[in-house]
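After this come two complexes, each holding chain A, first together with chain B and then together with chain C.
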Partner chain A sequence: MNLDLIVFLVLLVLGYVFGQIAEKRHFKSIIEREKALRDVLCFNERHIPDLGPADTTLVAGSVVVSIDYFKRFVAGLRNLVGGRMNAYESLLERARREATLRMKEEARARGATSVWNVRLETASIYKGARQDVGSVEVVAYGTARIPR
Partner chain B sequence: MNYENPEIPEGINVTPEHPLKEFAVLLVGVSTAIVVAVVALSLLAGYMVRFVPFAQEQALASRAGTLWQGVVLDEEAQSKQHYLQSLADRLSVHMALPEGMTITVHYVDEPTVNAMATLGGHVVIFQGLIDAVPSENALAMVMAHEIAHVQHRHPIVALGRGFAVALALSSLSGVGDGMMQQWLGSVGMVTSLSFSRAQEAESDLDALQALQQEYGHVGGAEAFFEYVMDGGHWLEPPALLSTHPGTEDRIERIRAFAREHPAVNPKLVPLPTGM
Partner chain C sequence: MIVTNIEVIPGKTVIKHLGIVNGNTVRAKHAGRDIMASFKNIFGGELKGYTELLQESREEALQRMIEQAQAIGANAVVNVRFSTSSIAAGAAELFAYGTAVVVE
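So, the complex of A and B:
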């Protein structure tokens, strides 16, 4: 067996083990923090309803997250035959929720109780000429309402 | 109006399927597809390359750098080469070579226990092989085996297949990234390794028939393979990775042939002195 193949298999195993650990840990942390920040409400309505005197400010949260070596290989195989991209689905789910959480954390730090006109934007980060998606950035932003 | 954020249940966007299951299904599926495609392509290439005229093959061989090019043989080596060539010529008579096909034997004074047939009807015999065989019959078995390779045009078939597989695999370079290609390449190579085992068996059979006609029996033909089994000078790779059939199988085939063609008075011809 050649050395390249051994290195490849080792990377695959490492990617799988650490990727699974990282993902489980991340989801656990997301669920906990979402519970803690449940009282900061988020809405996608453009107009803030008149709920009494308040200040407003822009709040944003962004995250860049990557899939592991194992999932990238599976996604590469999946690319050949088509179908549901499970590897990327969980990646984007984590990125969206993490970005929203960071936005909420900023809103809470400013004393806001709700965020309005929330928007999410996604950008994939390409690696050179191969155009394969390694990591994504998700930005969440909105207008925080701070009761006076 | 009452504003609230309802609690969203977990797992809407994440599939419950285990990632290893998806991995296994995809890996087996894609690998199978590649193996089938490479086998089909290489069989096709091997079939078509037989239509290349032998003269073209010789021209190709003369352009390629070879082991014997520029080697000046001394008098002793020349006489050995001369003997080997005459042995090849005697055996060729029984082997029904197609018109225009010639066998050129090259003697190489190296201890490697090996012989090989390459493009253009060139057969290379190493001194190590001559040292390893007890009789001319055993040497003739190996020689006839190599001539049979040339007769069936195995060298150019191997080249054609190898070229087609390499071309196909390199054309996959647009698919996936580095590690994907590495994987695809490895799968393709495994396919090409086990090809010529049938060719080896075919050559063994033709060699035995040539020996039967030349000496009237096939006694001593298995001597070289027995040497390989006992000596261990030949590092035998595992069966899957080897292009040659297992040595035991070959000895068994030679004995079966000998049983079917019983000899009246099997006499072994010794190697000429000075070999």
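So, the complex of A and C:
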């Protein structure tokens, strides 16, 4: 057996084990925090209805999440046959939910009860060695309404 | 300075429109962070170094936009948008733009 194959298999197993653990843990924490922040309402409506005197301020949250080696390999295989790429779907979902949560956390810290005109922006700072999607960056931002 | 990404500021009226202001920044982390990130690419998970980078760039871009707005005598920036692009691996470009106005 040549060394390259051994390294590849080791990386695959490491990626699978740690990636699964990390993803499960992340989703668990996302769900918990979403419950805790449920009373901070999010809207992508542009006009704030008149609900009494309030201050507004810009709030934002950002996150960079990376995919693991195993999932990237599976996604590469999927690329051959086409179809849904579950590996990337869960990556994007994690990133978007996490960024929204961080935005809500900032809103809560400033005493806001709702966030309006929420926008999500994705980008790519880091690209994998073969220029494939290695990680995704999401910025969520909106206007927080702070009742006076 | 009031910064918001909606068109109006509740309870205030726009009395003067001063045009678009913008701020941008391109930042990179040191190579050590890039190496750490490529390790993380095996295990998956959040790349904390890059999250920090993104946050710093966002604040910097906003700050530059606000400075520009102040320079032309605005007291609020409305309709703020963020835009991101990647020009090189490991570097983040963040661009913030909005409309500078005077409110009362």
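Keep this in mind: the second predicted complex is superposed on the first by the 144 of 148 C-alpha atoms of A that agree within 3 Å, B and C clash if a C-alpha of one lies under 4 Å from a C-alpha of the other, contacts with A are read in each partner's own complex, and residues count from 1 in each chain.
Quick note on the criterion: a contact is a pair of C-beta atoms (placed from the backbone, for glycine too) under 8 Å apart; a residue touches a chain by one contact, two chains touch by 3 or more.
This is a predicted model, so every value here is computed, not measured.
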Chain A as common anchor, with chain B and chain C clashing or fitting: fit
Touched partner set for A:Lys71, first chain B, second chain C, both or neither: both
Chain B, chain C and vertex chain A (Cα centres) - angle in steps of 10°: 120
Chain B versus chain C as contact partner of A:Thr143, first or second or both or neither: second
Touching partner for A:Thr113 - first (chain B), second (chain C), both, neither: neither
Chain B versus chain C as contact partner of A:Glu89, first or second or both or neither: first
Touching partner for A:Asp50 - first (chain B), second (chain C), both, neither: second
First, second, both or neither for A:Asp4, with chain B first and chain C second: first
Which superposed partner A:Leu58 touches (first chain B, second chain C, both, neither): second
Partner chain(s) touched by A:Glu121 [first = chain B, second = chain C, both, neither]: second
Broader residue contact with chain A after superposition on the shared chain, chain B or chain C: C
Per-pair minimum CA distance [chain C against chain B, superposed on A] in Å: 12
Residues of chain A that lie at the interface with chain B and also at the interface with chain C: 11, 69, 71-72, 127
In the complex, chain C residues that touch chain A: 2-11, 34, 37-38, 40-47, 50-51, 53-55, 58, 62, 80-86, 89-92, 94
Touch list for chain A against partner chain C, complex: 11, 14-15, 18-19, 22-23, 26, 46-48, 50, 53-54, 56-58, 60, 62-69, 71-72, 98, 116-117, 119, 121-129, 134-135, 137, 139, 141-143, 145
Chain B to chain A touching residues, read off their complex: 1, 3-5, 7, 10, 13-15, 17, 19-20, 22-23, 26-27, 29-30, 175-180, 182-183, 186
Partner chain B, residues of chain A touching it in the complex: 2, 4-5, 8, 11, 16, 20, 31, 38, 41-43, 49, 69-74, 76-81, 84, 86-87, 89-90, 92-93, 114, 127, 130, 132
